[in-house]
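A, B, C, D and E are the chain letters, set down in written order, and residue numbers restart from 1 in every chain.
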Amino acid sequence: METFTYYPGCTLRTKAKILDVYARASAEALGITLEEPADWQCCGGAYTTAKDEIATKLSAIRTLNAAKTAGRPLITVCSACHNVIKQTNYDILHDEEMASKVNNYLKLDEPYCGETTIYHYLEMLRDVIGFDELAKHVTNPLKGKKIAAYYGCLLLRPSKALAMDDPENPTIIENFIRAIGGTPVIYAQRNECCGGYIALEDKAQAQKRSSSVMKSAEDQGAEMIITACPLCMYNLKKNSDSTLPVYYFTEILAEALGIKGDVNE
Amino acid sequence: MNKNLKEQVLRSSGVNVLKCMRCGKCSGTCPSYDEMEYHPHQFVYMVERGDIETLMNSKSIYKCLTCFACVDRCPRNVEPAKVVEAVRLAAVRQQGNNHMNPNQIPEMLDDDMPQQAIVTAFRKYIK
Amino acid sequence: MQRIGVFVCHCGTNIAATIDVKAVAETLSKEPGVIVSQDYQYMCSESGQNLVKNAIKEHNLTGVVVCSCSPRMHENTFRKAAASAGLNPYLVEIANIREQCSWIHKDIASATEKAIILGKAAVAKVHLNAPLTAGESPVVKRALVIGGGIAGIQTALDIAEAGFDVDIVEKNPTIGGKMAQIDKTFPTLDCAACILTPKMVEASQNEHITIHSFSEISDVKGFVGNFTVTIKKKARFVDETKCTGCGLCTEKCPMKKVPNEFNMGLDNRSAIYIPFAQAVPKVATIDPNYCMMMKTGKCGICSKVCSAGAIDYKQQDQYIEQKYGAIVVATGFNPINLDKYDEFAYNQCPDVVTSLELERLMNAAGPNGGTLLRPSDKTHPHKIVFVQCVGSRCDDSKGKPYCSKICCMYTAKHAMLIREKYPDTEVYVFYIDVRTPGKNFDEFYRRAVEQYNVHYIKGMVGKVTPRSDGKIDVQASDLLANEQLHIDADMVVLAAAIEPDKTARPLATMLTTQMDTNDFFTEAHPKLRPVESATAGIFLSGACQGPKDIPETVAQASAAAAKAIGLLVKNSITCNPCVAHSNELMCNGCSSCEKVCPYGAITYIDKEFKMPDRTVAIRRVASVNPAVCQGCGACTVACPSGAMDLNGFSNSQIIAEVDAICK
Amino acid sequence: MQEAMINKAKQLLSEGVVNRVIGWKRGEFAYDITPAVFENAEEIEKSFVYDDFTAANVSKYLVKESKKDGKILAFLKPCDTYSFNQLIKEHRIIRENVYIVGIPGGPKLDAEKIKAKGITGILGVKNENYTLKIDTIYGEETMPFYEAVLDKCASCKSKKHVIYDELIGEDGDTLDSNRFDMVEKLENMTAQERYDFWRSQLSKCIRCNACRNVCPACTCEKCVFDNPDSGIENKAPSDSFEENMFHIIRAFHVAGRCTDCGECSRVCPQNIPLHLLNRKFIKDINTFYGEFQAGEDITSLAPLNEFKQNDCEANIIHERGVE
Amino acid sequence: MQVNENKEFQPLIVAFCCNWCSYAGADLAGTNRLNYPDNIKIIRVPCSCRVNPMFILRAFQRGADGVILCGCHPGDCHYTSGNYFTRRRMTLLFSMLDFLGIERNRTRVEWVSAAEGAKFAATMNEFTEAVKKLGPNRRLEDLRCRKQ
């Protein structure tokens, strides 16, 4: 039984509880313990790439340091949190000046220098458990379901920092879909933006973006679309002109593992 | 041309705008192109020219979705999104220049809007 | 008493900008034995060489040290200069203060200090240099051309024309290379096959040319004038000498679902195949990965229908060893893999193709018999978008940093041909720059725009999205109109960057030739020796050296041939006098040296020695054959008594260098 | 045994098979046994010795002796035959000019070890049930036999003669010796400890060249250390570097050729365990390139004169074992 | 003698490079302007197998802090097999130096082809750093040769 530090992030506590509960339940079913650090903070939602922005990076560092102190890799689920934390860690590792400024500011017992390994939940499934192994745990395969993976932007880019998969030709969610018995649908817009936070200010643009993504998936014959991001979920569901069902990947994972009914949403 | 501003944007973004070969792929791939007055390749070029204030005064700086498509697809590794952000920061850091006011937020919300969107907007619009 | 001259080269600013050459000359003038120390702008120029020659004569020098570029560059130049001034050429030493000093260091003080140390080491060595006389080694009058594309064919024809035997080794079943796949050639639009295939036939019929098709180089030994090459003739399971190329087997073969490489996988071929009608040699080849007989032991139809009895399922790879005087590399190029550029949906949509695929689609011998149809539904495309610089001119980890050079022109050609043949088809070309330096090239491109109304748009495609209605949404920027376009295209053609063939790197290793970071072979001098590699006797032809179009490739191929012929006409070449020799007084005759000599250059003789007590002792001692010895020095270390030493790199010379550096 | 050998020598001389015999003579002291050449039965009768102190390896003398006219009889202990074979392989001995009689080997005794027990004035020794009875000018002393055995014999690698024309007594087998124990012990020390150990040992070196002179592998016409042209000529060490240098180069020159006869340490007047340097190389060769015993045959290539394409890289030395 | 405490230790490193691959690789590093420290001083030898262990010891004696030997990749030797002998010889030499308690990483063998200018520069940077960490060679120096 392996234990990981688990960072849910703000949205998983509120609007995206479903993403969280199924992630936890599925992990348990797969023999993984997720341990939440005592006092995590919101990651900030978006990474500030500016080199002279230190304060915005601190909360991510606190989380990373908590995982380092616990001596465990860090697991994230929400694409945005993953992106922020992964980019922060990348910059700590590659930008010495930033690393020293951050550490001067935080005054940790021991400086944080990028030691923590970060897995997105999907990476955990791929690299820690292995999709072949995952397939063995599937009791309720999603046979014949044509599922479109929606990566959006944050899971893959900037690929230098995220390093999850080939940013133009990703396979991780498709292989996940295969592992749980479904048939992946490849479509061009899977790695384009849903509109993101612009939904707050400029609904029209979010609608345009989300519809374009949904259309592309529909064009290739998708029956459902899955995502790892609460904001993508919101835009695709609420702002697109399509009725294609959208699910969190953790939910269909739980379904495939045959534990969905046991989970209290 | 404002030399100090240019310096600041270059330092803050960490981008070498001289690497740009003016292919326009960033603008070809940008999902917010039509919403922008100045487009990603123009950000890079105008920063090179030192024409920062024009950019700062444009609403274009709030239209970038930070999807990093331009960053990943730029053949020259220029990372235009980082330039856009540096210009945006240069703008919102000026006192009273917040793009959004917290009490504007509630009316923008609906029941399903995730927190994530709000915190991101705060990061982007307000200092 | 040594009388040494030191000559410090500025190499323009190449050296002088980083190294205080005056200080180097000044400091070295104080070294023991140095009686003249000078600096000069370009020591390798005629006046620079005269400076050296005059100093040798005037000061009666016994040794010369030139502080300049790498000895691999100009050692011979200065040796020749010394010889013409009456000094034994092996009394010249080079201190490499350019490649190994000025070019890699920035700080003037420390670079100067290092240059002085390198100079001192060379002075210390030259103190111990002995005059050497070079022997001669014969030149094998036969050339090897590696690669049978237009470059290799042209080189081979030119060498054969001069009367020398030449072998072409081609890894594919036929010669012809990329040019055989091309439809028309720019800027004249004549048909590639019409001008290439006669050359292929000429090569196959020339009495001086032997073609080893479906063969690879497996080993290269030896040196200029005397290479020994092992050629692996891969089993094609068809006896080349018997096969008449009738093609009956390919028709009857039941396994017809093999992706056809020649047509870029756009259609299928049979498991036994002849790549194309004009293949040379026109001999069938069995693909063992698909042949039912080879895989399951059941079938054998080709063997039954072959009246010549040429089919041999048990054929093995064959190895031929052959000696050559010169080797020409003509390994060519390939378009890059586009997996990392899937924003253009190459992997998602069959109607997104590379330019080489388009060549096949438009070729009369191609999958559609010359009618341009979409691969997906075989319909006629009405809107075609060309994307330039896919993977070229990149400064990222995905692409190539160089311009692939040929894409602008072939895209103009494609655009023009399509507009000519299908005037109802709109053609858009997204370009960053249109690069057309070459005779009649820009005129050609202008014709595409002005006469054929091809839409050239300055900007780049950012995203390609295939749609369910069969259209392809091409999202791109139009930089001059300052807008983002969405074009509903029927086909998208990607001008993929070109890269050296994958076989080039292992080959470079076998040949001990240099390559650049992009795996292009490095020429001996970028301007003055563009078709020679830095390794003597190995020449470069065509795109293996850098992106080239056909006229340039052919020009370089002939140039490489001329260089190879220049070597082959010599009966012998001066060989390296830096060979091993054994001091018989110290030799134990233990055979250690013989055991490590890769050339079998060491034999043993029983030699009589007059002992101090006036008796005669007979001892077994080593004897080195200087014509066979290549001067590696393995024997010198194997020898425990230190009897074996190497001319030009003697124990004492190397120790002197160590001491000078560590002083 | 001495008797049988003398008889064999006299027989071969009288039959004209050989015209000389190389054996051993006693010097000033009972334990001072050195190689000697005998040309007739009388000399043999008078001074030929073979006893528990007769440890010296005579094979090296045959480099010169075998080049003289006529055949020479050599009595070779098992360990000596390895040295002899190695010299044949290196074309240093003319085999046809040597008649080899294999004789049983040790264990031989180390007079220094007896003296270390405070026993002096040694006149002779006798081994009675592994108790050594020592006849001295002060009367008889005893000590356990094995406490007096030479180090090289204590870790004997073989009782087998790898070359001979005839044998006196039975031939033995190669042995599982513990000869690498000390090398391993050193390997397991820290670099500093190893450095200190070797400094304390090699700093004792007075460059008497006894090791070089006795070594059957050191048969160079002219040693590099005596050759002013070699660049490393050095007659006496004047610095720690030169102490190290001599022994590193010497060990390197005999690497793959050293049969581990142990003569170097036996003759070292400073008691430096020089054989450990050679054994280190033998151990490395066995580990990296497969078991190899120099002198075992006359055809195999020396490990440094051959290679395999998949040999380990030199840099792995920096990663293995204790630093 | 004045000692500048802040001045970083600058090791002296001798690099033996075979003429065909590694020396050409070093030239290529120069042609491509790939920097590496000036601590590196290259001695050209025809083949790595020309390097006698005594040259390496000599360098240490005279004050070198590190010695690196570069040759063609195994299998690519211009003389077909020289580097294979080098590999065995250096393996044993390094092992002996280690056995005598000389610090590891003062010696190294690297295979650098004529095409690997970047590797040459990277190797030299890395080796110089490694030797810098070890500090001056004290265990295998000749005190008389120590620079004042």
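Note that in this section contacts are C-beta pairs under 8 Å (C-beta built on N, C-alpha and C of every residue); 3 or more make two chains touch, one makes a residue touch a chain.
Owing to the predicted nature of the structure, the values given are computational and were not obtained by experimental measurement.
Undergrad: Using the contact definition given at the top, which chains are in touch with both chain A and chain B?
TA: Per touch definition, common to chain A and chain B: C.
Undergrad: What chains, if any, are shared contacts of chain A and chain C?
TA: B
Undergrad: Centre-to-centre on C-alpha atoms, which chain is most distant from chain A?
TA: Centroid comparison gives D as the farthest chain from chain A.
Undergrad: Which one of the chains is farthest from chain C, going by Cα centres?
TA: Farthest chain from chain C, going by C-alpha centroids: D.
Undergrad: Approximately how many whole Å separate the CA-defined centres of chain B and chain E?
TA: 50
Undergrad: Starting from the mean Cα coordinates of chain A and chain D, work out the distance between those two points in Å.
TA: Chain centres of chain A and chain D, defined by C-alpha means, are spaced 72 Å apart.
Undergrad: On a C-alpha centroid basis, what's the spacing between chain C and chain D, in Å?
TA: Distance between chain centres, rounded to whole Å: 56 Å.
Undergrad: Can you work out the whole-Å distance between the CA centroids of chain D and chain E?
TA: 36
Undergrad: Name the residues of chain C that each touch 2 or more other chains.
TA: Expected reply: 343, 463, 596, 638, 651, 655.
Undergrad: Which residues belonging to chain A are in contact with no fewer than two other chains?
TA: 168, 192
Undergrad: Which residues belonging to chain D are in contact with no fewer than two other chains?
TA: Each of 224, 231-232, 304-305 in chain D touches at least two other chains.
Undergrad: Among all the chains shown, which pairs meet the touch rule set out at the top?
TA: A-B, A-C, B-C, C-D, C-E, D-E
Undergrad: Quick check on the complex: what are the chain B residues that touch chain A?
TA: Contacts found on chain B: 11-14, 31-32, 35, 62-63, 65-69, 71-72, 79, 81-82, 85-86, 89, 100, 105, 108-110, 112-124.
Undergrad: Over in the complex, which chain A residues touch chain B? Could you list them?
TA: Its residues touching chain B are 9-11, 14-16, 42, 44-53, 56, 78, 80, 95, 152-154, 156-159, 167-168, 192-193, 195-202, 205, 209, 230-231, 233-234, 237-238.
Undergrad: Quick one: in the complex, what on chain C touches chain A?
TA: Touch list, chain C to chain A: 339-343, 345, 347-348, 463-469.
Undergrad: Would you pull the chain B residues touching chain C in the complex into a rising list?
TA: Touching chain C: residues 19, 21-30, 33-34, 39, 41-42, 69, 73-77 of chain B.
Undergrad: Which of the residues in chain D end up touching chain E in this complex?
TA: 183, 186-187, 191-199, 224, 231-232, 238-242, 244-245, 248-249, 251-252, 255, 277, 280-281, 284-285, 288-289, 303-305, 307-309, 311-318, 321, 323
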